[in-house]
Amino acid sequence: MRTISVLGMSDHIVKSFSDDLHQLATDITRMGGLAERQVGEALDVFMRRNAAGARAVIERDTDIDNMQKEIERQAIRILVLRQPVAQDMRQAVTPFKIVNAIERIGDLAKNIAKRTLVLAEESALDAELLEAIAEMGKLVRQRICDILDAYATLDLEAATRVWMKDEDIDEQFDAVFHKLLSVMRDQPEAVEACAHLLFVAKNLERIGDHATNIAEIVHFLVTGEEMGTHRPRGGSEWPTVS
Amino acid sequence: MLWFLTALVLALMGLVYVQAARKAHGFAQQQGVRLHSRPGYHGWYAALWTGVPALIILLVALLLQDRLMTAMVRGGLPAEILALPPERIELFLRQAEALAFGYEDLSTIVFPEAALAAAADHYERLKSLIRGAVLALVAVAAVLGLVMTRRRLAPDLRARPVVERFVNGLLILASAVAVLTTVGIVMSLLFESLRFFQSVSIFEFLFGMKWSPQIALRADQVGQSGAFGAVPLFAGTMLIMVIAMITAAPIGLFSAIYLSEYASKRARDIIKPVLEILAGIPTVVYGFFAALTVGPFVRSVAETMGMSVPNQSALAAGVVMGIMIIPFISSLSDDVINAVPQALRDGAYAMGATQSETVKNVVLPAALPGIVGALLLAVSRAIGETMIVTMAAGQAANLTANPLDQVTTVTVQIVMLLTGDQEFDSPKTLAAFGLGLTLFVATLCLNILALRVVQKYREKYE
Amino acid sequence: MTDMAASTSSSASTTDRISKSLVKRRRAEKRFRLYGQIAIGFAVAFLLILLGSIVKDGYRAFWMHEIQLNVTVDADRFAPEGQRDEASLRGINYDAIIVQSLRDKLDVENSRTNRKALRDLVSQEFGFVLREKVLADPSLIGQTFSLTAPLDDQADLYFKGEIKRSVAEDNRPLTDRQLDWLDELKSQGQIKSKFNTLLFTRSDSTQPEIAGLWGAIVGSFFTLSVTLLLSVPLAVAAAVYLEEFAPKNKFTDFIEININNLAAVPSIVFGLLGLAVLINFFGMPRSAPIVGGVVLALMVLPTIIISTRASLKAVSPSIRQAALALGASKNQSVFQHVLPLAAPGILTGTIISMAQALGETAPLLMIGMVSFVPSAPESVMAPSTALPVQIYIWENASERSFRDRTAAAIIVLLGFMIVMNLAAVLLRRRFERRW
Amino acid sequence: MTQIGNVTSQHAPSAAPKEALQSSPKAAPDGADHKIIARDVDVFYGDKQALDKINIDIPNGAVTAFIGPSGCGKSTFLRCFNRMNDTIDGCRVTGRIELDGQDIHEKSVDPVLLRARVGMVFQKPNPFPKSIYENIAYGPRIHGLATSKTEIDEVVETSLRRAGLWEEVKDRLHQPGTGLSGGQQQRLVIARAIAVSPEVILMDEPCSALDPIATAKIEELIDELRETFAIVIVTHSMAQAARVSQKTAFFHLGSLVEVGDTEEIFTNPRDKRTQDYITGRFG
Amino acid sequence: MTQIGNVTSQHAPSAAPKEALQSSPKAAPDGADHKIIARDVDVFYGDKQALDKINIDIPNGAVTAFIGPSGCGKSTFLRCFNRMNDTIDGCRVTGRIELDGQDIHEKSVDPVLLRARVGMVFQKPNPFPKSIYENIAYGPRIHGLATSKTEIDEVVETSLRRAGLWEEVKDRLHQPGTGLSGGQQQRLVIARAIAVSPEVILMDEPCSALDPIATAKIEELIDELRETFAIVIVTHSMAQAARVSQKTAFFHLGSLVEVGDTEEIFTNPRDKRTQDYITGRFG
Amino acid sequence: MRTISVLGMSDHIVKSFSDDLHQLATDITRMGGLAERQVGEALDVFMRRNAAGARAVIERDTDIDNMQKEIERQAIRILVLRQPVAQDMRQAVTPFKIVNAIERIGDLAKNIAKRTLVLAEESALDAELLEAIAEMGKLVRQRICDILDAYATLDLEAATRVWMKDEDIDEQFDAVFHKLLSVMRDQPEAVEACAHLLFVAKNLERIGDHATNIAEIVHFLVTGEEMGTHRPRGGSEWPTVS
C-alpha cells in the first residue's frame, strides 16, 4: 500500500468511499495547481508591473479560499460519514493541514500581486535585484510543483527531496535581503519600493517554507509517522536573519 | 432381614455424610486452606464409599440367594428323589422350601416326609449361613469404606469429581435400560418365534393364504390341524391401515395447516385442545365407539343401499382408527410446520405472496420431510394399533379388498391367540410371537425410515 | 431522469400484470382456507359424535333403581327348629323370602311361573344382602323389617325406558305381567331411582346391576403406581445422561435410535415382552399389577425420556454456558440449573405419559389382566384388572345393561384422563417459558 | 447527491402538519420526488401506542435511514410501508401513508400488490429452502411477471447481477440457497426482492447478523441500488446510517425527533436529543 | 497506558517461535505483567484445524481485543483460556497456555477452578432465570467464597456496584434477572462473573445483541473494570475494539496476523491484511 | 450544548471519551498560553535588547513545536479510536487548524527574538517607533488572550469580537510601516535595523491575523458552520499595502 498513489487507491469494498477519497485528493492537487499558477502569474505581473494582471491574480485568490472551504467540508464529511482508520484516516485528516498551506501560498501570491499594484508606477527598479527575485520565484514554483507531484503519487522519496532542499531558497533570500539593504542605504528615494521588494522576497521564501511543510505532511500521510528532526538546516526555519 | 440391613446401611451413610461434611467444613475454617471441593461433596464421598459396596453386596445377595440355596439343596438331595422326573424334583424343592419358610398350605404333600424335612432343614441351615455371610460381608465393606475414606478426607481431596463420576455411572445405567428393553423384546420375540417356526415353516407363515389357528387346545383333541398362513392378516392390516390413512392424512394435514397458518390465536387456543382430546382418548374407547356406533351405522347405511354387511367391518375399524390418528398427524405436522422459521413466511409475504401461496410454495415444501416422517409414523401407529381392530374389525381371516367385509389383522390375532386359556407350548400360542415379530420388524423399519427423514428435517432448522 | 421515467412505466406495467393475476389467486386463497376449515370441522364433529354417543349410552348407568321391601323372615318356615348356627342360617332360601314379600305386596298368586317371574325382578344381590343382615343379627328372624336392594338389570332397563311395552312381548325379556308388577311397585313408591354408587364401590360381577369399577380402579392405581415409580427415575436419569452428558459416539447413537424406536413400537409388543420375559421367564404372577406396571413403565419410558429431553433441550444452552463459565461443574450446572428449569416440562410429560398408560389396554391383555376378578386386589402381586381392560371385558359381555356400564366406565376413565391432562395443561401454562 | 426535502416531526397533535410541512423552508417543492409520504401515523399494539404522529417523506433514488434507541419503533414504522403490520395480531395503524400519492390503507389497495411494489429485506437472511434459482424465480412466477423459462432465466440472471451475486453463484444456481454464507444469503434475499421489480425496498437491520466484510458488501450494494429504488433502512449502527444513507430520521420513544440530510444530522444535528444520541451521551 | 508487549504470529511451523518472541524488540521484558501467555496454540474441531500456532501475551490491567472476519477463530481462541472448549465434543487444543505462569492444560489444573479464575461473558446476556440476587450469589456459594447471609449480601452489593447496576436494581434484588433490559442483563452477567473474584474476564461479542446506548454503557464498564482485571474481548465491531481496548489482535483464517497497541493497529497497522480489513478493503 | 465550555463538556456515557476531549482542549489552551507568553517575552527582550533573554525565547519554541505534535497525535488518536461525530468530531478536527495557528504565533515570536539578537548591538533606535511597536505588541497579546479565553469557554460572542477587531492592529502596522520608511529615508545608516523592525512589526501583524483565524475556527467549532464573509474589513487581509 505504500507504493500506490493517493489518486489511484486500492479499492474499498464500498466503492463510493474510495471515490470520496479520490475526489478529495483530486481537489487538493487541483487547488495546489491553482496556487502554483497564482504564484507564477503574480511573479509575472510583478516583473512586468502589470496592474491589470495583478488585479486578476488578486481576484482569483477567492477561488483558492473557496476551494479550501470546500475541501475541508469534504474531509469533515468523510470523517463523519466514513469514520476512516489507518491510512484512510490520514487521507481525511491531512487535507486540513495541506489546504492550510496551499491557501497561505495563494495568499502570499496575492500579496505579491498587491505589491505589484503599489509598485506599478515605480519605473526604475534595480534589474539585478529583480533578476534575483525572479530566479527565486522560479525555484519556489518548481518546489510547489514537485511537492504536489509527490503528494499525488504519494512518493515518499520525492517529498523527502523537497524537504531536504529548503535551504537554497533561504540562501537566495539572504542574498536578496542584503542587496536590498544596500540599495536602500544608497538610494533613500527607493526605500519604499525596496521595502515592498523585501516583502515580495520574504513572501517567496515563505512559500518555499509551505512547500516544505507539505512535504512533511506527505511523509506523515504515507508512513503514518512524523518526519524525523534530522533536517539539513539548523532546525529553525530562519537560519540567519542576516 | 435384607431390607433391615439396607435400612441400616442407609442410616450409616447419612451419619457418615454429616460427619465428613463437618470435618471438611473444619478444614475450610482454617486460615489459608482452600477446599478443593465443597464440604457437601466430602460428605457424599465418604457416604458413597461406605454405603455403596455394602449395598451392592446386599443386592447381589438378594438376587442370588434363592437360586444359590436351591442349587445347593438340590446338590444334597438323596438319590431316590433325584431319580424322579425333573418337574417332580421342582415340586419337591418347592415344597421343601415351603416347609422351611412356611409359605404355603402343606396339605397336599406327596413326598416322603423324612426327605422333605431333611431338605427343609438344609434350606434353613443354608439360609442362616447366607445371612451370616452377608452380614459379615456388608459389615466389612462398610467399615473398610469408612476407614479408607476417613483417612483420605483432606482439603485437597478431589471429592467432587468422584461423586460426580458416580452419579454419571448411575445415569448411564439408566439409559442402558432402554437398550435392555429392546434387547428383551428382540430376544423374547425371536426366541419364541424360533420355537414356532420349528413346527410351522417360516415360508408357510409368511406366504400361506389360509389362517386358521384353531388347533388342539388339548393334545388329545383330534380333527383340528390349523393353518398358519398369515397373508390374510397382512392384507387385513394393510386394508385397515389404508382406510385409516385415507381418513386421517387429509384431515390431519389440513387441520395442522389451518391451525398454524390461518386460525386466530383464539381459535387456535380452542381447537388445539379439542384435537388433543382426540389424542388422549384411549384406544379401547375408540374400539367401543367403532364396535357399537360406527359399525352398526355402516351396516345400516349399507343395508339401505341393499347390501348385507356385518356389524364388524374393515371400514368401521379403519375410519375410527383414522379418527384416532388425526391428532397424531396434525400435531406432528403442526410441530414441523411451526418449526419452519417465521422469517421464511415473512420473506414470502414481503414479496407479495398470498397466504395460501406462502403455505403451498414455501412452508409446505420446507416442512415436507417432516410431514412425510409424520405420515410414516402414523402408518406405523396404524399397523400396531390393537384395540380398535380387536373390537371392531372382526375375526374372520378374509383375504379381501372390500372394506365392508370383516377382516382381521396381525394384532387382533395376537390378542385372540393369547387371551383365554392357553398352553404355552402349543404352536397356537407361539404363533402369536411369530406375528409379534413380524409386526415388530415392520414397524421398526417404518420407524427408522420416518425418524431418519424427520431427523434430517430437524437438522435443517436447528 | 429518462431512466427514471422508463422504470416508472415499466413498473406500471408490472403493477398491471400483477393485478391481473390477483383475481385467480384470491379465489385459490379462499379455496385453500376452506379446505382447512372443513378438515377441522370433520375432526371436531368426529369428536362430538364420539363423546355424544358415549354419553348417550353411558349416562343411564349412573342411575339405578332400587326396590324397598318389607321382608319377614318367617321363623317357622325358614328356621323351624330355631337353628341359629351359621351353617343353617346360610342354608336358608332367602330368595324365597324375597319372592314371598313381593307376592304379599303385589298380591300375586303363588305359582311356579309367578315365583320365577317375581324372582327375576330383583337383583340376586337382594338375597345376599338379606343373608348378611340375618347372619349379622340372627334375632331378626321372625321379624319384619324393611330392606333396600337393586332391581334386576332388566327391570332397571324398563324404568330407564330401554325396554318398551310397545315392543312385542316375545321380543323383550320382560313379560307384560312383570311390567305390570313393576308399575304397581313403582306406584306404591317401593321403587326409587338413585345415583348408582355401586358402580364405584363394587368390583366386577356377572350381574350387570351390581357390577362396579372399584376393583378396576384399584388395579389401575396399583399398576400406575408401579409404572410411575419405575419409569420416572429411570427416564429422567436416562434423558439427563443422553442430553447432557453423553459423548457423541456409536454407543450413545445406538441408545438414541433405540429410544426413538421404542417410542413407536406397538404397545402390544410390550405386552408380548411382559408375557415372555416377566411371566414366563422370571415367573412373576399373571394378571398382577406389578407385571402390568413394569410393562407399562417400559412402554412409557421412551415417551418420558423424549419429553424430558425436549424440555432439557428447551433450556437455553446459554444457561449451561453461564454456569460452566462461573466455575460450576458439569453436574452442578445440570442438577442446579438445567434440571430445575426443565422440571415443569418433565412433569407435564410425565403426567401425559401416565394418562396414556392409564388408557392402555393391549399390553395388559397380553399379561392376563383380562381375567374376571370379582374383588379389588390387595397388593401389587394380586390378580387384578384395570379400567381400560374392564371396559374391554364389559364390551364383550352380551347383556344389554353392560353396554351402558361400558359407556359409563369409559366416562369414568375419560374423567380421570381429563383431570390428568388438565393438570398437565395447567402446569404447562403456569411454567411456560420462552427463551 | 440530490437535494432532499426535509421534514421535522410534529409533536403537537393539534398542529396542522401538512401546512407546516409545506411551509418548511427545506421541503422539496415538487412532491413528485417523494416516493412515500407519511402523515400523522400512529401505531398501536393492543392498547400500547408504539408510534406517535409520525410525518416523513421518503425520497426517490436515495437511501433513508431510521436510527434510534432500541424499542423506539423503527421497525414498526418500517413495516407500515408494506403493511406487514397487518400480519401481526393486535397491531393497528392509523394516519395516512401514500405511495406515489395513493393511500396504501385504502380499501382498493391489495396488500399483496402493495408488497410486490414495496419489497422488504429482514434482519436475518431468510432464503427459502430451495435452490438459488428457485428463490429468485419464485416472486416473478407467482406474480405472473415471467412465465416462460427464458423469461425467468433472464430475470434470475439480471436480479443476481444487480445484487452483485451472479459471479459468485452462477455455477451453482441449482444448489440450495441456504448453503450460501450469511452475507451471500442476504444478497440473495435482496436479489429475490429485486426480481419482482419493486419500487421501494425496505430493510430492517439487514447487516446486524453479518460480519464487517459482508456488511461492507451489502452497503456497497445498497449504494448501487439506490439509483433505481427508494430505499429505507433501519439500523442500529449509526456509523452504518452515516455510511449508506442520504437522509436520516432519528426516532425516540415512539416519535420522530429529527429528520434531515445525513451529513447534516451527523455533523450538526438540530435537536439536542439527536446530538446526544449520535455522540453517545444518552441515558 | 502501559507499554504492551507485542507478538507477531509465527506461521512457519518449523520456526522456533519462542526465541522469536523473546528477541522481539517490543516484547515486555518482564513476563510478570502478562496474565496469560499462549504459545503455539492449535485448535482442531475433529479433523478441521480452526487455529494455527497462535502466540500471544495477554497483559494485566488492560483490555485486549480480538478482531477478524467471521469464522477466523476468535471465539475458539477465547474459549481456550478457560477451557470452555473442553465442553465441545471433538474440540482439541494443543500448545501451551499459561495463566500466571502455570500451564492450564496440566493434569493438576481443574477446569472448574480455572473457570472461577477466568470468568466469561457471552454474546447474548444469559442470566439464570432466578432473582437478581440469586444470580450473583450463585458463584460465591458454589465456590464457598461466601457462606453467611451477610457475606453474600455484601458480595452481591459490591459486585452490582462494580458493574454499575446497583443503583438501578437495588430496590428489586429479588425480582427475576430475566426481567431486566438487555443491557442491564449483560451488566448483571458481568456482575455475576465479578462476584467470584476472577482474575481474567473473557467477553465474546458482549455488545452485539445490544443497542448503541446499552453498548456504550458496557464499554464504559469495561473501561472501569480493566484496572482490576485482565480483560479479553472478541468483537465484530472494529470501532468497538478501537474504543475499548489497549491491545488488539487481528485474526485471519485461523492465524494471528498482527497484535499490538490498539492505537498503532488502527493508525498504522504493519500487515497489509490488517490494514485491508480495518479499512474495509477485504475480499 | 452551545453554552457549555470546551473544557467542561457534558459527559459521554463512556467517560474516558469526555476525558480525552477535555485533555485535548486543555493541552490546546496550554499551548496557546505558552505562545502568548513567548510573544510577550519576545517583545520584552526586544525592547530591552536582551540577547540572553532572546536566546531563551528561541529555545522555548521547540516546546511549542512539540506540543503541536503531541496535540495532533492526540487528535488523531481520538479520531481513530472514538470516531466522533457532530460537535465531538469538530472538537477533534479543529485542533489541527488551531495548533497550526498557535505554532505560527510561536514561530513569529521566535523570529522577533532572533531579530533581537541581530539588533542587540544597535544602540540608538527611534524611541517613538519602539513605543509604537510595543503598543502594537500589547494589543496583539491581548488579542491572543481574548481568543484563547473564547476557545476555552466556547464563547461565540467573544470569538466574534476578536474577529471583528482585526482592523486596529492593521492600522497600527500601517502607521509603523510609514514611520519606518521615513526613518530609513532619513537615516541610511539605520536601514538594516529598520528593516528588522519592519519585520518585527509585520510579525506582530501576522500574529494578530492568526488570532483572527482562531476566532473563525472557534466559530466553526461552536456552530458547525463557516463564518460568514461579511467581515468589517474589505475581505482581504491586507487592506492597503501603503
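Things to note:
Note that the chains take the letters A, B, C, D, E and F in the order they are written out, and that residue 1 is the start of every chain.
Here is the rule we go by: a residue touches a chain if its C-beta (ideal position, glycine included) is under 8 Å from a C-beta of that chain, and two chains touch if they have at least 3 such contacts.
Nothing here was measured: the structure is a model prediction, and the numbers come from that model.
For the pair chain B and chain E, chains touching both partners: C, D. Looking at chain A and chain F, the chains in contact with each of them are D, E.
The pair with more inter-chain C-beta contacts, choosing from C-E and A-E, is C-E. Taking the mean of each chain's C-alpha atoms as its centre, the chain lying closest to the overall protein C-alpha centroid is E. Between chain D and chain F the centroid-to-centroid distance comes to 51 Å (mean Cα coordinates, whole Å).
Spacing of chain B relative to chain D, judged by their CA centroids, is 57 angstrom. Centres computed as Cα averages put chain A at a distance of 95 Å from chain B. Spacing of chain A relative to chain D, judged by their CA centroids, is 48 angstrom.
For chain C, residues that reach two or more other chains under the stated contact definition are 18, 25, 329-330.
Annotation for chain B: residues 160-161, 352, 354, 357 touch two or more other chains.
Listed for chain F are residues 12-14, 17, 76, 80, 83, 85-86, 89-90, each touching two or more other chains. The touch graph of these protein chains has some other shape, matching none of line, ring, star or complete. Chain pairs that touch one another: A-D, A-E, A-F, B-C, B-D, B-E, C-D, C-E, D-E, D-F, E-F.
Only residues 264-265, 341, 343-344, 346-354, 357, 361-362, 365-366, 460 of chain B touch chain D when the two sit together in their complex. Per the touch definition, chain A reaches chain E in the complex via residues 1, 10-14, 17, 83-90, 223-225. Every residue of chain C that touches chain E in the complex is listed here, in rising order: 247-248, 316, 318-319, 321-330, 332, 336-337, 341, 433.
Those residues of chain F that touch chain A in the shared complex are 58, 61, 69, 75-76, 79-80, 83, 85-86, 89-90, 93, 96-97, 100, 107, 110-111, 114-115, 117-118, 177, 180-181, 184-186, 188-189, 191-192, 195-196, 198-199, 202, 226, 236-238, 241-242.
On chain F, the positions that touch chain E within their shared complex are 12-17, 76-77, 80-83.
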